Amino acid sequence: MKITINRKGYFSAAHKLYNNYWTKQKNIEIFGKCAYPNYHGHNYEYIVSVKGLINPETGLVFNLYDLKKIMKKEIEEFFDHKNINIDIKEFSSINPTLENIIIFIWNKIRKSIPKYFELKITLYETINNFVEYDGK
Amino acid sequence: MKITINRKGYFSAAHKLYNNYWTKQKNIEIFGKCAYPNYHGHNYEYIVSVKGLINPETGLVFNLYDLKKIMKKEIEEFFDHKNINIDIKEFSSINPTLENIIIFIWNKIRKSIPKYFELKITLYETINNFVEYDGK
Amino acid sequence: MKITINRKGYFSAAHKLYNNYWTKQKNIEIFGKCAYPNYHGHNYEYIVSVKGLINPETGLVFNLYDLKKIMKKEIEEFFDHKNINIDIKEFSSINPTLENIIIFIWNKIRKSIPKYFELKITLYETINNFVEYDGK
Amino acid sequence: MKITINRKGYFSAAHKLYNNYWTKQKNIEIFGKCAYPNYHGHNYEYIVSVKGLINPETGLVFNLYDLKKIMKKEIEEFFDHKNINIDIKEFSSINPTLENIIIFIWNKIRKSIPKYFELKITLYETINNFVEYDGK
Amino acid sequence: MKITINRKGYFSAAHKLYNNYWTKQKNIEIFGKCAYPNYHGHNYEYIVSVKGLINPETGLVFNLYDLKKIMKKEIEEFFDHKNINIDIKEFSSINPTLENIIIFIWNKIRKSIPKYFELKITLYETINNFVEYDGK
Amino acid sequence: MKITINRKGYFSAAHKLYNNYWTKQKNIEIFGKCAYPNYHGHNYEYIVSVKGLINPETGLVFNLYDLKKIMKKEIEEFFDHKNINIDIKEFSSINPTLENIIIFIWNKIRKSIPKYFELKITLYETINNFVEYDGK
């Protein structure tokens, strides 16, 4: 019997969507206002979901205090109040779409969660747009 | 590696739940206040979830600008500020329950999404009541 | 020292905006989709705000259990799952705009709240549109 | 073709996290502020998700009026305004973590839902922390 | 020209409503389930609103980093994961109604905010019940 | 008898807080992470509140369709997906704090609202931080 434990986190960041191999015109055509040159930004919200068995001694699948520390170190201190295109070197050559950011977050969190837990991330850019990824 | 991209949309509509083969009394017994004769209404919220592979050139699974256009044309212009029982001919003989509306929405959106993407719809009638359907 | 105690309530109803003295065309011109003939609907949310002095014996300004009963009887049983234009006789000749509905709600609640309390109503039609009225 | 029908419910309760076989110090070390001796509390929110086939006569998978009654009787009257550690005898020897509470809720609801429906519960302790369980 | 700057904070606590001079029966009659003997709890949310003139050098009315520190020290470390009736000595003889808690919070915050700013507190016990107080 | 009609709008933008007359060190000291050099961003939400008398012919204080157009033209097309420090010339010499942005928004909206209506703006930077301004 497996239970999924979820914790939500927050960061505010700037970005723009841009493919450097395309003309400015093609970028606007594909990415619309998201390709404006001087960046815009969002209050990102993300959910880390860890699925596994209950530890009968604690009654916990995964201690939320530990998960909070992992999320603070790996994601919030890393992304909060940053410009994703400029400040995060991995995105100097990768377009910071929701899809590419969620894979990056999943990989960063995965390293801190023992392998016998399943991991899923959900990432919101606005209340209307969000993505989900479970590594499969 | 597949990612699910989600977008939320909104429409306000009137409806009532009613089985024309039943007496008025049986309708009230089964559907309660939802069977009141002169209609009531809701602010419906719905989420379209499209799952697939990332296009490496764009960094996108499915362009949210395109999804927004599909949702506006297929769902919002179709349902918004309408009476579902009267104005939408398919529901003249089908009871507009959340379950029947979500199948209808899924079928309408499915036609505009290439077959190699998986599609799921979530439909909220109130903050407390909602349904999910993925075509399976 | 006065404190305001607030309680939120909910009802779902159908309505349309319509001035019977105008042509159909003028109604659409002024009220847009809200004037569509067969009604649409909303999940209305409303907040009743009662301001007054604390009763030192109870530590309460106004008992929320009593306020809940007043709101259920005066507003929720009256409006919920109704068609405001058809089912509520006062709106047979009054256009059920947010502004006219909030005055009606304020007057209905006012009768059950002793005069030494101030009363304010807030009424939401959608998450984006709402009105406020305090009787002044 | 199966549809999932969901309904959200609410209860407010007190609890603390505590393993009686551990010292006070170890409880604080593992459970942090959640182990404070005199209890704290939450506004719990939970979602009951029932998945099954549509009944063609009603257009419903499961009548929400029936689900509401089950939830009120099995969960809300049972947990609301209670101290989980003291008032609910099953938790006198089980630590009321989110994980143990959700299994308890799932088992209580399962008894009232026919076996040909799948059942999943989601339980929120705060807006940031929640768990999911589907009995598998 | 005055602007109001607002910041929201959170704490989870247990309490019960009880007047020690009344019988148990009268307490239940007046406070309902809130008077159950073993406490229940809530996720309280509160908003601190500070109104004043903009400092032209900073462009700020009141630095939100300073307000966050005041709120953490005065309110969150004080109330979070506590039993208000037992752990907070001021409430050993005062009934912890929303009304009495908000006056207590207003007085605690007032000491850290210079007198030329106006101060208002809003305190939510659930999404449906909340109070407001501005010291007048 | 006056009623306040409110409409909520949205824009996503990048900014940083910075006083050009200060050292980089002093900017970080006062504005913290908000002074990071490469900008961060937010999903801003704002509410326009217009208070006045009901027009008895329409039942409206102010037509929400007209208000929506004003908000789209004056605010959303102006701020959405922009960098406030770089793209909006008025903020080249004014620090884009919540306080300075709300005065700017109030002045822009005020020009389109007849003088016999009162106007108030509320501006959210995150779910926890927001400001209010009514021109007084």
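By written order: A, B, C, D, E and F. Residues from 1 in each chain.
Everything below uses one rule, namely that contacts are C-beta pairs under 8 Å (C-beta built on N, C-alpha and C of every residue); 3 or more make two chains touch, one makes a residue touch a chain.
Everything quoted here is computed from the prediction, not taken from an experiment.
Novice: Please give the intersection of the contact partners of chain D with those of chain E.
Specialist: Output, common partners of chain D and chain E: nil, no chain qualifies.
Novice: With one step meaning two chains touch, work out the least steps from chain B to chain F.
Specialist: 2
Novice: A-F versus A-B: which interface comes out with more C-beta contact pairs?
Specialist: Greater number of contacting C-beta pairs: A-F.
Novice: By residue number, over half of the contact pairs should agree; on that basis which option among A-D, A-F or E-F is the same interface as D-E?
Specialist: Checked against D-E: the matching pair is A-F.
Novice: Could you work out which chain's C-alpha centre is the most distant one from the centre of chain F?
Specialist: Using the mean of the C-alpha atoms as each chain's centre, the farthest one from chain F is D.
Novice: Measuring centre to centre with C-alpha atoms, which chain is farthest from chain A?
Specialist: Of all chains, C has its centre farthest from that of chain A.
Novice: Please work out the Cα centroid separation of chain A and chain E, and write it as a whole number of Å.
Specialist: Here the centre of chain E sits 34 Å away from the centre of chain A.
Novice: Distance between chain B and chain E based on Cα centroids, please, to the nearest Å.
Specialist: Distance between chain centres, rounded to whole Å: 41 Å.
Novice: Could you give the separation in Å between the centres of chain B and chain C, each centre being the mean of its C-alpha atoms?
Specialist: 28
Novice: Identify all positions of chain E at which a residue touches two or more other chains, and write them in rising order.
Specialist: Residues 127 of chain E each touch two or more of the other chains.
Novice: What chain-chain pairs meet the touch criterion?
Specialist: Touching chain pairs, listed by label, come out as A-B, A-D, A-F, B-C, B-D, C-E, C-F, D-E, E-F.
Novice: Tell me, which parts of chain C touch chain F in their complex?
Specialist: Within the complex, chain C contacts chain F at residues 17, 19, 30, 32, 94-100, 102-103, 127-133, 135-136.
Novice: Once bound in the complex, which stretches of chain E touch chain D?
Specialist: 10, 12-15, 33-34, 36, 38-43, 80-83, 86-87, 126-127
Novice: Spell out the part of chain E that touches chain F in their complex, as residue ranges.
Specialist: 1-9, 49, 54, 57-61, 63-65
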